[in-house]
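These are the structures in question, set out in turn.
Each of the two complexes below includes chain A, the first together with chain B, the second together with chain C.
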Partner chain A sequence: MIPAAFEYHRPRDIGGALAILTEHGEDARVLAGGHSLIPMMKLRMAEVPHLIDLADIAALRGITVEGGRVTIGAMTTQHELIASAALHDAVPLLREAALQIADPQVRYMGTIGGNVANGDPGNDMPGVMQCLDATYTLECPEGTREVRARGFYEAAYMTGRDDAEILTRISLKATRGGYAYEKQKRKIGDYATAACAVLIEAENGRVSSAAVSMTNLSDVPVFSDAAANALLGTACDRDAVKAAVAAALAEIDPTEDNRGPVKFKMHVAGIIIARAIERAWSRA
Partner chain B sequence: MTKHILKMTVNGETHEVLAEPRELLVYVLREKMGMKGAHVGCDTSHCGACTVEIDGKSVKSCTMFAVQAQGANITTIEGLGSPDGLHVLQQSFKEHHGLQCGYCTPGMITRAHRLLQENPNPTEAEVRFGISGNICRCTGYQNIVKAILSAAAEINAAKEAAQ
Partner chain C sequence: MNDLTPDREERVANLKGMGCSRKRVEDARFTQGKGNYIDDMSLPGMLTGDFVRSQYAHARIKSINTEAALALDGVIAVLTAKDLEPLSLHWMPTLAGDRQMVLADGKVLFQGQEIAFVVARDRYIASDAIELVEVEYEELPVIIDPLKSLQSDVVLREDLDPKAPGAHGPRKHHNHIFTWEVGDEAGTNAVIADADVVAEASMYYHRTHPCPLEPCGCVASMDKVNGKLTLWGTFQAPHVVRTVASLLSGIEEHNIRVISPDIGGGFGNKVGVYPGYVCSIVASIVTGVPVKWVEDRMDNLMTTAFARDYWMTGKISATKDGKITGLHCHVTADHGAFDACADPTRFPAGFMSICTGSYDIPIAYLGVDGVYTNKAPGGVSYRCSFRVTEAVYFIERMIEVLAIEMNMDPAELRRINFIKKEQFPYKSALGWEYDSGDYHTAWDKVLKAVDYEGLRHEQAERLEAFKRGETRNLMGIGLSFFTEIVGAGPVKNCDILGMGMFDSCEIRIHPTGSAIARLGTISQGQGHATTFAQILASEIGIPADSITIEEGDTDTAPYGLGTYGSRSTPVAGAATAMAGRKIRAKAQMIAAYLLEVHDDDVEFDVDRFVVKGAPERFKTMGEIAYAAYNQAIPGIEPGLEAVSYYDPPNMTYPFGAYVCVMDIDVDTGVTEIRRFYALDDCGTRINPMVIEGQIHGGLTEALAVAMGQEIAYDDLGNVKTGTLMDFFLPTAWEVPNYETDHTVTPSPHHPIGAKGVGESPHVGGVPCFSNAVQDAFRPFGNRHTNMPHDHWRIWQMANALGLHD
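Up next is the complex of A and B:
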């Protein structure tokens, strides 16, 4: 499969990339790891007359962990993210989730920025970033702004990013307590049939804070306040988990596809959410 | 569309080719450089038959434009061994019956090669996880895993003997 012809640009800095993006408007798109965009171009589901490769922009790379604040450059690959010991110490949920994305080859190329900017409901990192209450930095020629992951996703492939903006980095706080990313897939390397990220902190045997979000169970990732609230103050016993699962399931809207009918997805989601909560609690 | 002059090092030799941006690396390797080792299996980024090593990463070359590899250092199966001088991994695949039709083998071996660079002494589970981006429809993987584990042991023994 060969995509339609396009012009290839490889700017050396963000300013250069933004200038090309502005010049060509809707006809231009940035290329990160290419492991969502290139398959779409090959299938001719995406036509990109001007492709702007971000590979040479050093400012988009790297992970910093400082004083409990974590910053991840958009062009950091899943492989680099998994390999970072400092990141793992600060936010262990990220490695756990990244290891469940695709396969080794895809993880060497696929970037964190591409994963969260893509807008495919099947992408795992958007839900994870909502659970972590991460912030995305968006840059355009007029300046930069910050958007919370929890408010970024509007519909499948529709996000709060303007066409003229580049997502440059992700910022979040180091976490404490228990964490889990549980994912049910048809085979290793597949997108989720259902997946769930959970963070739980405990104090005196009770849940003192919680966050629950879900992947590929609606046309956007779903962050469930209600599920977290059902856990707060409880000893995370069976009834509390049951109530949290019910609250989470009430907020999703899966559709039937080749991963199964809606009833099956609701069933799988219930099991995955419960497992994620229980595992996070066991580590809290 | 503007064509690009691409320079890259493939298996230690510098190659220069002219390519359109939309040309995928696997086709440039096969059709412009004559290296037919990397195979086009699924052509949808799933099967791993087109895996090559680029600057220390295992990459599905059907999912990278050749222009992205400008200046890169690439190793394909042709760079690992030859019919008269098989690489340890190739020898081990042969001995353990790690292949049948052979279509996935170049990708499988280049991937295994990278895996052993990063993890010279993997467990069976780590080998299975490490080759999860490569599909084989003949062997059921059993003998591929055996071949990689045995090659790892052989490489490590040779290293120890050299010390």
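Up next is the complex of A and C:
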């Protein structure tokens, strides 16, 4: 577990980071916390001759909540997400999810941008961002563009981000109503056996809007329109939850690993999705 | 005397002797990052070694090309078996009488096996060079299952004559290592055949691994000018390493100095001798400069000594009233590619024959067959005395299965079968003499403390609610009662490679009344520097704070067999007390001389000798020490020193009673441990706080093993759990609250009555956690299900019992 040699860069602004990235192309990767990339380098599964640490770029940090709009800098740590009262008021789902990521030591280093940009199907925030219909800002020397989280993930570690781009910012709307992030894991620091994010708004005792997404149950996070639709207009009773779970399960494709075989994961996913829906509904 | 004169109670307190929860003196440096571990060492010119390891579990090595690696700047040497062969060091003897490849000699037998040793200027270069060594393999069929191994035509160990006996007698098959039998098989079978009730179970105690925070490593430094080899390393038995190194290398033993610096946990993992040690020594001899080798976490999990991997089948018989009449146990023991088990020589399955447990079982039989497979070698006692965790798990599961068979309460079944207090010393059917015990008192105390009847009542209510569909949670009540056998051991039957398992202590009292004591053991976190000073303080009346405890340097410490199997207190602790008593005997003569009375007219009183009947006439130990060095005393040599080599007359038999209450979600397999109550009886208690810490640690490792920790292989022999992502190491988050309790039944043969405690909680904890899981499913027909009880496997239990229908 000793990495190959690499150059360590620590630019002070985004322009500097983009310049290094452009100069070295495929030989460069940005570092945004390092809980995924550093182990891969130590296992020599990722060879990164030029490592660009974004830690000193102040412009990439911080949370703003204004007029129902939330903007989070990519280098904001999970700890900072948890600690922000304004964010908790605007989007309580984010704190609930961040608290289920590993342990405090990891959360002091791990960043929201690193979590969503890496494309690791085990990461929690991609599914959460899909549930929240968040938008990612990608920057490259030629300019800036915005993409929706719901269209960003293509396959494991494959995303809509070009190699020359840096994900700099996440923006989303403040939420209303009920929320839940339900996650089963073997131990602290583990990826989910199954996890599910749910948002539900209620009107007159009926579901008026819903969003359901799942983590680590496919090679990408899974946002299920069908599951949300199964809840719309219902009183979120047992049959509605059952229908939503069935719809969600139809869209996942878990693989066997040390957490267990597919049959077990499908069963647990069904339980976790139902619990997430029920908890979100209880808060709606 | 005046008000400022300390009274006797204050003088006792001032000593911080036995029974005092003295804070650990080691912790100041550990908590401030000032420990000195192997990887902290740096010597001038030091090189680093690292291994090219096998990708395959079984393959012939067609060729090894080291050219590209040697061409890399900073690479000094690449050693292969060919380089070691002229020194006869390409193979080495194991602790179990087998031999083991140091570097692959023609073939590899497990994934991660050492093939070549790269020596480079630093660790980074060594790692780069490893990737440049080209190894050409020819894959061979892989055998992972020991039961299949005994049927297979595939010969794993081509170096062994299949017809020749092994170190422990005849071999039945080319992949068979030994058969070891204890007890009366025919008699046991006859009793079982005629019994009112017989319960049977087959259980697999999965392979796992001790996982010390610090992996294994060493620094070897051969000084070619004075011919001396110094070897620093993570050794649980530094003196044994010195002797073995001398026998292997031919370097005279006085020219070898072995030093164990601070060790970050051992748990059995650091007892064995590993190829890294041998290669580092050779590399230092070849290069003339110090060479360091330190494993990384994956190396440690995949290649250094494993634990357990026992396939056990049992039959237990009883009368219709539940009195156990006989026990039959057979084990197929998977030893991996080489038999490198760390057991006393005459015990190839360790003390597995303690498997009659805490029960008065009139007749029993144990048979163990050791088998080779394509897995890493090892077979160490992970936080237990030799194979005692396996034995206790076996009997505590058999008791539960018998309770199911008889439709009896398992607590009651245990109670009616415990060895009674008046039966001690008790001779077991498999030959052990249990020194002391009071099991009924301990059991009743625990059951009362947890309100056992109330728990069973609550469990029954929960079950009814479950059946009515009101909850998906079951409640399990895990019981275990264990007897450990620790403190190996009497030299008459315990040795390792011929070295008797005594231990030692050497004490020097300084003229101003402070002291240093050196022991043959070595702490890996147990707190010896704290607790051994307490033993001495009580024995010789010098405050523990004025006593330095030193271990681990073979040039200064007296010879001893090291620390594992909870032997430090039973053996070295006894040596400490005995050496202290020699000091006291001499001090008594000096005191009598100074007080101008006869030797018999003075008596020891806490920290001084007083004239009998005249307590105002006394000499403190400080005064006596000063006089010992500075006053001419007729007939007495100057100085105040003593040494004791202690050969224990028997093992010690700590015991304990544990209860675990667990809630289990049958839909997800998630468990929550609601309560864990642990009563331990380790005899005389030296430091209650250290004991409590030991119990918390041992229980946590028990939790790990029972609930998820394993070294798992796929069919091709690939290790599936080679990182801490998949290898379960519990953190504060997973660990429940533990309630601890104790009774005190001193060992009758130990000088201070202490029995050892570091491993008891692991031994008793594993079956307790497992029994809790299995108990929850008992009403649905579960008899026995194998550990580890991770979410998936618990879900599978529920699924197989129809609870998801």
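What to note about this one:
By definition in this document, the second predicted complex is superposed on the first by the 284 of 284 C-alpha atoms of A that agree within 3 Å, B and C clash if a C-alpha of one lies under 4 Å from a C-alpha of the other, contacts with A are read in each partner's own complex, and residues count from 1 in each chain.
Criterion: contacts are C-beta pairs under 8 Å (C-beta built on N, C-alpha and C of every residue); 3 or more make two chains touch, one makes a residue touch a chain.
Treat the numbers as computed from the prediction; the structure is a model and nothing was measured.
In the superposition on chain A, A:Ile2 contacts both chain B and chain C. In the superposition on chain A, contact is made by A:Asp103 with both chain B and chain C.
Judged by the touch definition given at the top, the superposed model places A:Arg259 against chain C, while chain B stays out of reach. Contacts of A:Gly62 after superposition: neither chain B nor chain C is touched. Set against each other, chain B and chain C differ in how many residues of chain A they touch, and the higher count belongs to B. Judged by the touch definition given at the top, the superposed model places A:Ile188 against both chain B and chain C.
Legend: residue contacts after superposition of the two complexes on their common chain; A:Pro92 is shown touching neither chain B nor chain C. In the overlay built on the shared chain, the residue A:His267 is in contact with chain C alone; chain B does not reach it. Overlaid on A, the two complexes show chain B and chain C touching the same residues of chain A, namely 1-5, 103, 188-189.
Taken together, the chain B residues at the contact with chain A in this complex read 1-2, 4, 20-24, 27, 43-46, 48, 51, 57-60, 63-65, 67-68, 70, 111, 115, 129-133.
The touching residues of chain C, counted against chain A in their complex, run 50, 123-124, 126-128, 131, 296-298, 667-670, 708, 712, 720-721, 725-726, 728, 730-731, 733-734, 790-792, 795-796, 799, 804. Residues 1-8, 10, 31, 34-35, 38-39, 41-42, 51, 53, 55, 79, 102-106, 108-109, 188-189 of chain A are the ones touching chain B in the complex. Note for the complex: chain A touches chain C at residues 1-5, 44, 103, 184, 186-190, 193, 258-261, 264, 267-268, 271-272.
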